[in-house]
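Shared between the two complexes below is chain A, which pairs with chain B and chain C, respectively.
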Partner chain A sequence: MLFTSYEFIGFLLLLFLLYYLLPGRHQWKLLLGASWLFYLSAGPGMILYLLAVTAAVYLAARRIGAIGAAHSAYMAQHRAELSREERRALKDAAKKRQRRVLLAALLLDLGILAVVKYTNFAISNLNSLLHLFRGKGQLSLWNIALPMGISFYTFQALSYLIDVYRGVVEPERDFFRFALFTSFFPQLVQGPISRYKDLSETLWGEHPFHGPTVARGLQRVLWGYFKKLVIADRMLVAVNALIRNSGQYTGAYVFAGMLFYALELYADFTGGIDVTIGVAEALGIRVRENFLRPYFSKSIKEYWRRWHISMGTWFTDYVFYPVSVCKPMLRLNKFARAHLGEKLGKRLPVYLSSFAVWLATGIWHGASWNFVAWGLGNWAVIMLSQELEPLYGRFHRRFQVAGKSWFKLFQVVRTVLLMSALRLFDCYRDVPLTFRMFGSLFTVRNWAVFFDGSLLNLGLAPMDFTILGLGLLLLTGVSLLQRKGSVRDRIAVLPYPLRFVLWFGLFLAVLLMGAYGIGYDESQFIYNQF
Partner chain B sequence: MTGEKRKSRRLRVLLSAAVVLLSLGFLQRLLSPKYSTELIEGGLIREYYGEEKDHDLIFIGDCEVYENFSPKVLWEEYGINSYIRGSAQQLIWQSYYLLEDTLRYETPDAVVFNVLAMQYNEPQREAYNRMTLEGMRWSGSKVRSILASMTEEEHFLDYVFPLLRYHSRWSQLKAEDAAYLLKTRPVSHNGYTMRLDVRPAENVPEGRILPDYRFGDRAWSYLEKIRLLCQEKGVELVLVKAPSLYPYWYPQWEEQIEDYARENGLLYLNFLEMGEETGIDYSRDTYDAGLHLNLYGAEKLSRCFGRILQEQLGLEDRRGEAALAARWQEKCAAYEADKQAWLASLSEENA
Partner chain C sequence: MEELLDILRSLHPEVDFARREDLIDSKILDSFDIVSIISEVEERFGVVITAEKILPENFNSAGALYALIQALEDED
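After this line comes the complex of A and B, so read on.
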């Protein structure tokens, strides 16, 4: 059930009606039923994966909790009788048992993810190797469908499990309450990857109907639909034309494609997240923001703190830190400091941990080499920027550019271009082709295509470009306003007729200018595929 | 909240809802195709509802009925009051549901169904579906017809709220959309659309070889439904194959229809094989090289068909009914005026 389908809108209307008619204590049960129904609409078999991950993590967390509780209870009774060493030994033994449970659950859940998502990638690579070494046999690819949103709900469930292991959160006793946490439908297919401690604040609470709250949520949903249907899906036509005819569209077209895709992806992904957060808000549930105006970032590092925030923090908390402080890494740190000098020795583990994070980020986005290259490309740029920071500093001081508006704008444009260039791996989905297309930017001299009307052959009429231009202006304007606080809050204090005109105008813009229905390719949100 | 405040809030909600509904209604009307001067085939089905419903004969089918039979000739020469409920590429289930719809309003003596539609067993094209279905008044028949006709890309809700389907037409609006925003224009003569230009039929292509000449199960089931519905209502069902040379009518198809008609005691007329009786001259009587007849051909065919209907079904001559005759007098005048307008435009073109 796509967010942009009539079925989804009908589903929401019915859900809202029932949700606010039910006594508050039963609302979360309805949400769980609705979430499973939503998931079932993707295919009856798919829900088995969701249930398996949910059950495995639930049981493992309960077990970890039980070990911890038993240890605490024993210590409470026998603390006085035990020496310090004995207490430590008991604590270590309990932690070890907890770690075993954690590892077993991680293996199982990541194993499921690996099998369904990466088996064919592995087979394809094996076949390539066999071919390289003139092997005769070829392994057949598996006919296995990728369960909807598996990367999102697996990561969300694992974050809870690790947090239970770390003692950050208490294990949930009620299986069905926990099941709602892993399967809450608005965020099931494209995130954000919510943390248990955040979502649990409002997920199971009672939410009596409050008109302004519901209206606020629906306003956010409408804004999300505007981004998705008016901008992203319109831009998609030109992006597809450029990517599918890569032989024809080289040089300046690649540059156009970079910018078009940057706009499409932003409008698509943030639009989807707006729908997610808006639906949750209308249900009285708080989901954390996943974007913070990322295209206003002045560096790649900053960009990744503002783009898909929940994924970035997930990898930081559950990959970067554990890898940084694991025993082999500490040994390496020591070794590097001794043999490579204090400066480089200090940095090497950071680089390696970052490498692991970006490799995992790339692989998480998709089972293909282009995503690996994209992830490592990000890593290389971030590391290089870090290395060059002293040089930048000297430059900034020498020319006194820091803080100047034009220089900030330059930094923002530079970041957008750099990120867009890296996303070519995502666009062309083929590493050698991406390099060739990127190379053509410098070898093919056809920059006149920006002025001679050639871009009108990409499936978009002048009216489409006008709508996209106006849409981009609106997006930029809203983002600029957001820096000073919520735009919806500002609108909420305007006189009613003006508010009505604004929101109804936005509704009409989506209704009349949205790229939906017959004549448009129905396209799912890009991040649904992960 | 004070009573005054509550009242003012209620008023605000009501006013807002009214603005929203009126705006959406206006937009839906503005953006939906008008089918009044362009693609007039889309306006055929809706015209029926403005008629006095006491017809003796109803035609159902595709372009082979609404372009090939002239109700005016049937009236003038035989006193048969007929109406054509046909539309472009009208599929057999659409014909069935249109018949069901028609029989809610009246019970004619006979129904004529053109069998070319038997060639389609699956929904075909959204554009044709729209032209047939949009003009139907809402009823169970319309709902069932939509559900039976939708292609994979279509959605039922788009029929309920055509604004969703035509939402992006704002960039293609024409003068017709403003002119016929609040009114419609007659586009047919009792369902017949007139053409007076001539394009002789030369080199009519042979039919390509088909892997299977059997009509599909779905087509058969709807033909049977049409027959049973007519039987239930006491209406005589007549099967015809209009004398269009193309699309090709295969002997294997002919054989199946002949067998069906014989088994069920139905009158079946294949006008392709009745050239002598109809007198159709394909060098003059068609406007598109044999696909459809022009006015001359349609009038010849209707003359021949009217005679058969009177002889074999004994349809009554109603020219003596004053009220009906008065109605037809107006209709014939409109028909003549349209014909003269066509002739004038053709002579202008030739000049």
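After this line comes the complex of A and C, so read on.
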């Protein structure tokens, strides 16, 4: 059931009706039923994966909690009789038992994810190797559909499990309450990857009907649909034309494609998240923001703090930090500082951990080499800018440009262009082709296509480009306003007729200018496939 | 405490670490800085700050970080 389908709208209407008719204490149970129903609509077999991950993580967390509780109870009784060494030994033993349970659950859940997501990638690489060594045999690919949202709910469940192990959250006792945490339908297919301590604040609470809250949530849903249907799905037509005919569209077309895809992906992904957060808000549930005006970032590092925030913090908290501060890495740190000098020695271990994170981030996005290249491309740019820091420092001491508006704008444009160039790996889905297309930017001299009307042959009429241009202006304007606080709050204090015109105008825009009908298929959100 | 402030100042000489209480919230320290701090702390204080201790409340101010180091030194 796509967010942009009529079924979903009908499903939401019915859910809202029942949700606000039910006594508050039963609301979360209805949400669980609705979430499972939503998931079942993707195919009956798929829900088994969701249930397996939920059950495995639930049981493992309970076990880890029980080991911790037994240890605390024993210590409370016997603390006085034990020496400091004995206390430490007992604590270590309990932690070790907890770690074993954690590792078993991690292995199982990541194993499921690896098998369904990466088996075919492994087989095709194996086949390439066989071919290289002139082997005759070819292994056949496995016919399996990727369970909807598996990367998202697996990561969300594992963050809870690791937090229980770390003692940050208490294990949930009620299986069904926990099941709602892993399967809450608005965020099931494309995130955000919520943390238990955030979502648990409102997920199971009682939410009596409150008109302004529901309206506020639905306003955000409408804004999300505007981004997705009016902008992203319209831009998609030109992006597809450019990518599918890569032989024909080289040089300046690649540059156009970079910018078009930057707009499409932004409108698609942030629009989807607006629908997610808006639906949750209308149900009285708070989901944390996943974007913070990422295209206003002045560096790639900053961009990754503001784009798909829940994924970035997941990798930082559960991969980057544990790898960076584990004992072998600290030993490597010492060794590197002794042998490579203080400065480089200090940075090397951080770069290594960061490499692991970006490799994992790339693979998480998809089982193919182009995503690995994309991840490592991000890593290389971040490392390079880190290494060039002294040079930047000298530049800024010589020229006093930092803080000047035009320089900030330059930094913002530079970051958008760098990120857009890296995303070519995502567009062309083929590493050598991506390099060829990128190279053509500098070798093919066809920049006139921006002025001679050639871009009108990509399946979009002048009217479409006008709508996209106005849409881009609106997105930029809203983002600029957001810097000073919620735009919806500012609209809410306007006189009623003005408010009505604004929201009804947006509704009409979605209805009349949404990309529907022939030539536009109801298209999936880009992030649904990860 | 002075030794900890030295570590912090070596990363960002322009920041008044003795007073700031929003080092994480205001994004003064990023993840790379935190890892550098942890390895320096391990070297100079002999305590290992494990990943689960990397929480905003432990890194928002020099005082909080110092309290964490002392707690780890005293831990049984």
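Everything that follows uses one rule, which is that the second predicted complex is superposed on the first by the 527 of 530 C-alpha atoms of A that agree within 3 Å, B and C clash if a C-alpha of one lies under 4 Å from a C-alpha of the other, contacts with A are read in each partner's own complex, and residues count from 1 in each chain.
Methods note: a residue touches a chain if its C-beta (ideal position, glycine included) is under 8 Å from a C-beta of that chain, and two chains touch if they have at least 3 such contacts.
In this text the structure is predicted, and so the values were computed from the model without any measurement.
Peer 1: Does the chain A-based superposition show chain B and chain C clashing or fitting?
Peer 2: Result for chain B and chain C: fit.
Peer 1: More residues of chain A are touched by which partner: chain B or chain C?
Peer 2: Ranking chain B and chain C by residues of chain A touched puts C first.
Peer 1: Output check: A:R25 vs chain B and chain C. Expected answer is one of first, second, both, neither. What do you get?
Peer 2: A:R25 contacts neither chain B nor chain C.
Peer 1: Once the structures are superposed on A, label A:L330 by its partner contacts, choosing first (chain B), second (chain C), both or neither.
Peer 2: second
Peer 1: After superposition on the shared chain, which partner residues are touched by A:Y496: those of chain B (first), chain C (second), both, or neither?
Peer 2: After superposition on chain A, A:Y496 lies in contact with chain B alone.
Peer 1: Which holds for A:S353: it touches chain B only (first), chain C only (second), both, or neither?
Peer 2: second
Peer 1: Looking at A:G167, would you say it contacts chain B, chain C, both, or neither? Reply first, second, both or neither.
Peer 2: second
Peer 1: Tell me which partner A:F320 touches in the superposition: chain B (first), chain C (second), both or neither.
Peer 2: In the superposition, A:F320 contacts chain C only.
Peer 1: Classify the contacts of A:L508 with the two partner chains as first (chain B alone), second (chain C alone), both, or neither.
Peer 2: first
Peer 1: So after superposition, what is the minimum Cα distance from chain B to chain C, given in Å?
Peer 2: Superposition on chain A places chain B and chain C at a least C-alpha distance of 41 Å.
Peer 1: Between chain B and chain C, which residues of chain A are contacted by each of them?
Peer 2: Of chain A, no residue contacts chain B in one complex and chain C in the other.
Peer 1: Spell out the part of chain C that touches chain A in their complex, as residue ranges.
Peer 2: 27, 30-32, 34-36, 38-39, 42-43, 48-52, 54-55, 76
Peer 1: In the complex of these two chains, what residues of chain A are touching chain C?
Peer 2: Touching chain C: residues 84, 87-88, 165-168, 301, 305, 316-317, 320-322, 324-325, 327, 330, 333-334, 346, 349-350, 353-354, 386 of chain A.
Peer 1: Inside the complex, what are the residues of chain A that reach chain B?
Peer 2: That would be residues 6, 461, 463, 496, 500, 504, 508, 511-519 of chain A.
Peer 1: So in the complex, the part of chain B that touches chain A is made up of which residues?
Peer 2: 12, 16, 19-20, 23, 27, 126, 153-155, 157-158, 163-165, 167-168, 170-171
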